[in-house]
Amino acid sequence: MMLANYCVSIFLIVLGLYAVANKHNMIKIVLGMGIVDYGVNLLIVSIGFGPGGTAPLFVISELMKGAYFVDPVPQALTLTSIVIGACVDAMALSLVIKIYRKYHTIDSTEVRRLNG
Amino acid sequence: MEILIALVRILIYPGLLFVAVGGLLLAGIDRILVAKMQRRVGPPLVQPFYDFFKLMGKETIIPHHANRTAYLAAPVIAVVSLAVTMLFIPLGGFSAVSGTADLIVVLYLLTIPAVCVIVGGSASGSPYAGVGISREMVAMMSYELPLVMVLLAVAKKVGSLSLQAIVAYQFQNGCMLFHWSMIPAAIALLLVIPGEAGVQPFDLAEAETEICEGTLAEYSGAPLGMFELNHAMKIFVLTALFTALFLGGIDTGIVPLNVVITFVICGVLVWLCCSLPHAICARLRIERLFKFYWTIVAGLAALSLVLAWFGL
Amino acid sequence: MSFSFPYLKYALGNLTKKTSCDMYPLKKKEVAPGYRGAIAYDPNKCVNCGMCMKVCSPGAITRTEVEKDGGKEITYRFDWTSCTFCGMCHDFCDEKAITMTDHYEMVGNAEDLVTVATYFKKTPAGKLTVSDDCVFCGLCAKNCPESAITVDRANKSWTVDEEKCVKCGKCISKCPKKALAFAKPQVKCGDDCVFCGLCAKNCPEEAITVDRPNKSWSVDPEKCVLCGKCVSKCPKKTLCI
Amino acid sequence: MFNKLIENSTAKSPWLYHMNTGSCNGCDIEIVAALTPHFDAERFGCKLAGTPRHADIILITGPVTEQSKDRLIRTLEQVPEPYVVMAVGSCPNSCNVFKDSYSVAGPLEKYCHVDVSVSGCACKPEAIMLGVVKATEILKEKRRAMKK
Amino acid sequence: MFNGLYIHFPVLAVMVLFLGAFLVVIFGTHAKNLRRVIAITAATISFALIYALIKPVMLDGEVISYWMGNWEPISGYALGIGYEIDGLNLFFALLVEATILLSGLYSLRYMERDDYLDRYYTLYLMLSGAVLGLVLTGDLFNMFVMIEIMTFAAVALTAFRNWTAGALEASFKYLVVGSAGSSFVLAGTILIYAQCHTLNMAQISSMLCGSQGLTPTTLLAFGLLFTGYGVKSYIVPFHPTAADAYTAAPTSVSMLFSGMVNKAGVYAMIRMAYVIFQAMGIPAVQTLLVLIGTVTMFVGVTMALAQHDFKRLLAFHSISQIGYVITAIGLGTALGLTSGLFHAMNHTLFKGLLFLCAGAVLYSTGTTSLDKLGGLSKKMPKTTILFLIGAFSISGLPPFNGFASKWMIYQSTYAKAMETNNIGFAFVTIVALVVSVMTLASFIKVTQSVFFGQVTPAAANAKEVPFAMRLPMWIMAIACVLGGVFYDKVLVWLLNPAASAALNVTNYIDKMMGDGYAATAGVQNIEAHGATLSFWNPVMWLILFVVVFFAVGLVVVFGKGTRGKVLEESEGQEIEAKYDSFFGGEKALPSHLGGSDLFWGFKHNWKGYFHFMQRMHSGVVNDYALWAVVGGAFVILYTFVFLR
């Protein structure tokens, strides 16, 4: 059924994690986090899909026995997840700006005063 | 009424007085045996009593850098906690207090005197005490591992962590020492006792030659007397623990006779594990001590733990 | 992990052996012969030559002299707490007045760790001489036990007979005018002196000078303390006081 | 009663603290020899203590040199009360052969009250032990005096 | 009480906190005192609401089920978001509330020197509201949302003092690894939703633990959720960010972190393992949890031994104590779970106390570096006593509460070892005991370098902290002591209800979804033999205290006579020779021995290990993210291989 969606979302998650784990440029790290988030959002949306279902918008009078709707709950969850993803990226970027102003670099290998 | 009995137990029989007198006697025996082994005459048997009362008479100088309350309270707490430890150890098959898993309670109660020595030394604020503390702590870390392994091996053999059950087990099927799988554990505990009591080859914390009496550098008078008492009581408590764990099976029916036999066994053990190393070996360096405990003694203890595990 | 038990065999063996301690305060311990312990000083032998004082490196020996009539009271003080017991004083004392005992328990407070001895040494009297304020009363002649003094009141003459006079000093004490005194004795050299120079070498005060080429022998009165060392050392026995 | 016990035990367990104020180590090894099996000072309960805080008898060897003078005074002040000073060997008593040397600051008498002095240039261990026995009596008196 | 009104208390408690945050934003920007009043009243109201629930839930054993907006489940199918409060929830809620209130009290005086305090109090209330919501909720996605809010507030609070070294860096690392963790949690939740088409935990657990067992999607969901909650509770592969965050955050916040935030992670782990998946019956999960717990214990303590900074040392200790809790929970026996919860509670108490002491030291001396500080006991005596109580209770010395919980942990691990005759658990007990000694060692290191010893220049002009800061410390210290002495009461009132609630899953489902629901779904409880505990009577402890006070009194009285006197504060003049410390006859030079030169012998022998650990905590964000991803991959691989 939605095999393509699942493969793409898994690919996106793995790509995002690769970016977070290997890229030294902090902005790329933040982008990586975004990509992971998008992968998970895609996963959420594709779960709610039912073949042949219509959009879950209806008026009580039209509600017939045979109507088959796509599951509305994951779509609601995706909304919150997108919002959260956006906030995370916003905060991360503001932190990167602050780090640049203080450390004068955004290379993650140099920003390592707290170690050991 | 129950509180009165408990008070008597703490203060008189297995508690403070008994352990203090027994400990000082054992310390006297220890000093005589070491002297005899060096073909010296050695002090009279009651020399530790003389030392203790002399120190009680001397003036206590509290140094400027010291923290007065910790400086004065540390020795007292050490002595009292040793007295309470004695309550848990079944002397002659009967222990004043017994509950489940009191092996672990005894293990932790034995760390309190060491911590009190450390806090006392650190509170006295002298640089020698600082070095003494770091040595005492590393020594504690080193002998804790084999001690734990020995206790767990015995507990595994008996099937429960309570000392009372261990003694009961030994009443049925003979002393633990005669089970061959437990002999490495017994040797390991014999090697741990001088380390924990701070006897010559392992007394790095109070090395009078290198760091001027280490943690006790700033102590004088009554607190120092308390620490000497603490040192003596610790030898008695540890050897009593050994007899309870490995020679608990000896029972002659009459409890006082049992206690006397236990004391005699403790005397022999003091010779074996405190005076013999003192007369023979020189003081170890701290990392050699650590390596000694974590390789040889821990190996012995682990051997008997594994043997006990395979039901031997 | 080389952890050996070096002395296990000895330790176990020692348990059975007798103690090697010699229980000192209970059993007195006799000391090796010729042990240089505390100093013993025999005042009568001492001739107050002062060699021991010179030779003692820590200066442990002190001498105090008190002038008494007819002699000096000499006290020698050997301070154990300052002595190194090297035995030099013993070696240099010709009369063997100082001996090293084998007493080693020199314990106590500092005052009594000392050997003190005093003796009275008559000044060896020289010839009896008379000063000019003699009134020839004849008292000295009367008191002289050996009647060595003859006084002739008439022609004011006073003579003493050298051989008879024992230099007891009674006449001096009796003379109302204090005119009599022993002359300071002199070391005199006889005629068969061979100028070997031994007396000069042994004199602690270097009072004697001997000049071998032109055969001269002289003594310096101030330096000489009349110790008599030169007399005993002279091979020809020609010296006398 | 308790004081009587303390007095007796003060005499019975003298802890020694050995202080070398410039000695030639002759007397030092004699002191340590006193603790060896042959002489065994431990019979009287003696023990060599590491700090002046633990000491009852202070064994001082060596003529008090200029450098060790103020260290000597400072250490003696740090000893808790009933304590006895014992001058071991001739040097502390009278600076022996180093009497008028430029670097010797005079006999021990000048700096503290010497209770017991043992003489001998390198005194015998027996003499030291006898000194310690005498010192223990003095300790007892001091302890009794302290209590009054 | 209020005959049934109490079912509204949980939601009210959460709402009050969020409302407080909102009000602080509006009114608090300029009015300094109003801001404080709002924060503290919000905290106290929610504290009162939650503590009022103890009677019904804990003592009477009732389970509150509360459906938001009255969306009752229709024909056995949950639609709305439900709050379900049973023993386990409330136990953690009590911990959370206590930490919130005490941290609030502490921050009143502690933070007064900072500016932008209105932002601080908003974030503080947001963080506490989020954690409380996470602990009380009965809905899986609601838990995810609360986790997100918690991470946000935590990151912002870590970066609050952005002028200190490493605050920004720590918050960035915290955010990166935290968001990776949250993505794992979200993916796990969604996979469960894909399988059960509901988000209510009770119904999920009835579906998952019912007859059909675990399908591949739920297995993957278990792996993902386990990793996600692991990141939140900072167990081994994910712990370095926590160490940085606790060090860089202001102390009243790092007290929140170590008392509350990682406890929320542990709660989520328990809820998932015991209730949703009921996976604790499977030995493979037990070994996984115990393995990770032991490694966390050991790594945490050995890293703490090598630290030069007071707060970083405490941070690594929090990680190692969480290791204890995870090990105890991972055993799966009732005694194990009880001891784990008990240790979690004690950890909140003594770790909070220690962090507040660190804050007090920072407040009065301005530095927390172990090498610079020294001799603070003369300047700050009360803080020293408090610190000693905290240090002794964390290292598990008998009269204190640390001992009671560690004693139970050893008992449970060893009982498990003997029961399953598997030597691995014996090894766990040995490691636990050795780690406890190392904890003691590191706190002795702190005692010697910071509090006792000679006064160093850094600590020269330190003054005692104001009483408002010491009050919360005293409350925690007294709780530590009482928890240790009367621990059997604590066991009966709080712990047994919590543990039995976690084990009794059918009751959890029936109370939420209506009776008999669990039976139809075929859910059975894991048979859990009761906690065979005979407490050794505290009477002995009372007598011990009598004896100790008698003895100390004797020494002090007897000592009064000829004992030495102590110099009053002689600022700068010459110390009288008699009372100067013995220095081989010299005049005692300032020679304070402390900081990193202690325990040379131990570190020398373990050189290889310490160098390796030093390299592993490299401080680079990528390494920490890599660690998190590798940890997650390992867990997922483990679940697929072993949980089939």
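The letters A, B, C, D and E name the chains in turn, as written, and every chain counts its residues from 1.
Please note the rule applied: a contact is a pair of C-beta atoms (placed from the backbone, for glycine too) under 8 Å apart; a residue touches a chain by one contact, two chains touch by 3 or more.
Every value quoted in this text rests on a predicted model; they were computed, and no experiment measured them.
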item	value
Chain labels contacting chain A and also chain B	E
Each chain counted as touching chain A and chain C at once	none
Hypothetical removal of chain A, resulting connected chain groups	one piece
From chain C, the most remote chain by mean C-alpha position	A
Pair of chains joined by more contacts [C-beta pairs], D-E or B-D	B-D
Central chain (distance from its CA mean to the mean of all protein CA atoms)	B
Chain A and chain E: spacing of chain centres that average the CA atoms, whole Å	30
Geometric centre distance via CA averages, chain E-chain B, whole Å	35
Cα-centroid distance, chain B relative to chain C, in whole angstrom	70
Contacts with two or more other chains, residues of chain C listed in rising order	19-21, 23
Multi-partner residues of chain A (at least 2 other chains)	none
Per-residue multi-chain contacts in chain B, two or more chains	38-41, 59-61, 128, 212, 217-218, 221, 291
Chain pairs in mutual contact under the definition given at the outset	A-E, B-C, B-D, B-E, C-D, D-E
Contacting residues of chain B [partner chain C, same complex]	36-41, 276, 279-281, 291-292, 295-296
In the complex, chain C residues that touch chain D	19-25, 29, 57-60, 79-86, 104-110, 113
Residue numbers on chain B that touch chain E, as the complex places them	2-3, 6-7, 10-11, 16, 59-70, 72-73, 75-77, 79-81, 83-84, 87, 97-102, 104-105, 107-109, 111-112, 115, 118-119, 122-128, 130-131, 133-135, 137-138, 140-142, 144-145, 148-149, 152, 155-156, 159, 161, 212, 217-218, 221-223, 226, 285-287, 289-291, 294, 305-306, 309
Touch list for chain E against partner chain B, complex	375, 377-378, 381, 384, 388, 392, 395-398, 403, 406-407, 410-411, 414, 417-418, 421, 423, 426, 429-430, 433-434, 437-438, 440-441, 444-445, 447-448, 451-455, 532-537, 539-540, 542-544, 546-548, 551-552, 555-556, 558-559, 562-567, 570, 575-576, 578-584, 588, 591-594, 597-602, 604-605
Residues of chain D defined as touching chain B within the complex	3, 5-10, 12-13, 37, 40, 42-45, 48-51, 53-54, 56, 78, 80-82, 143
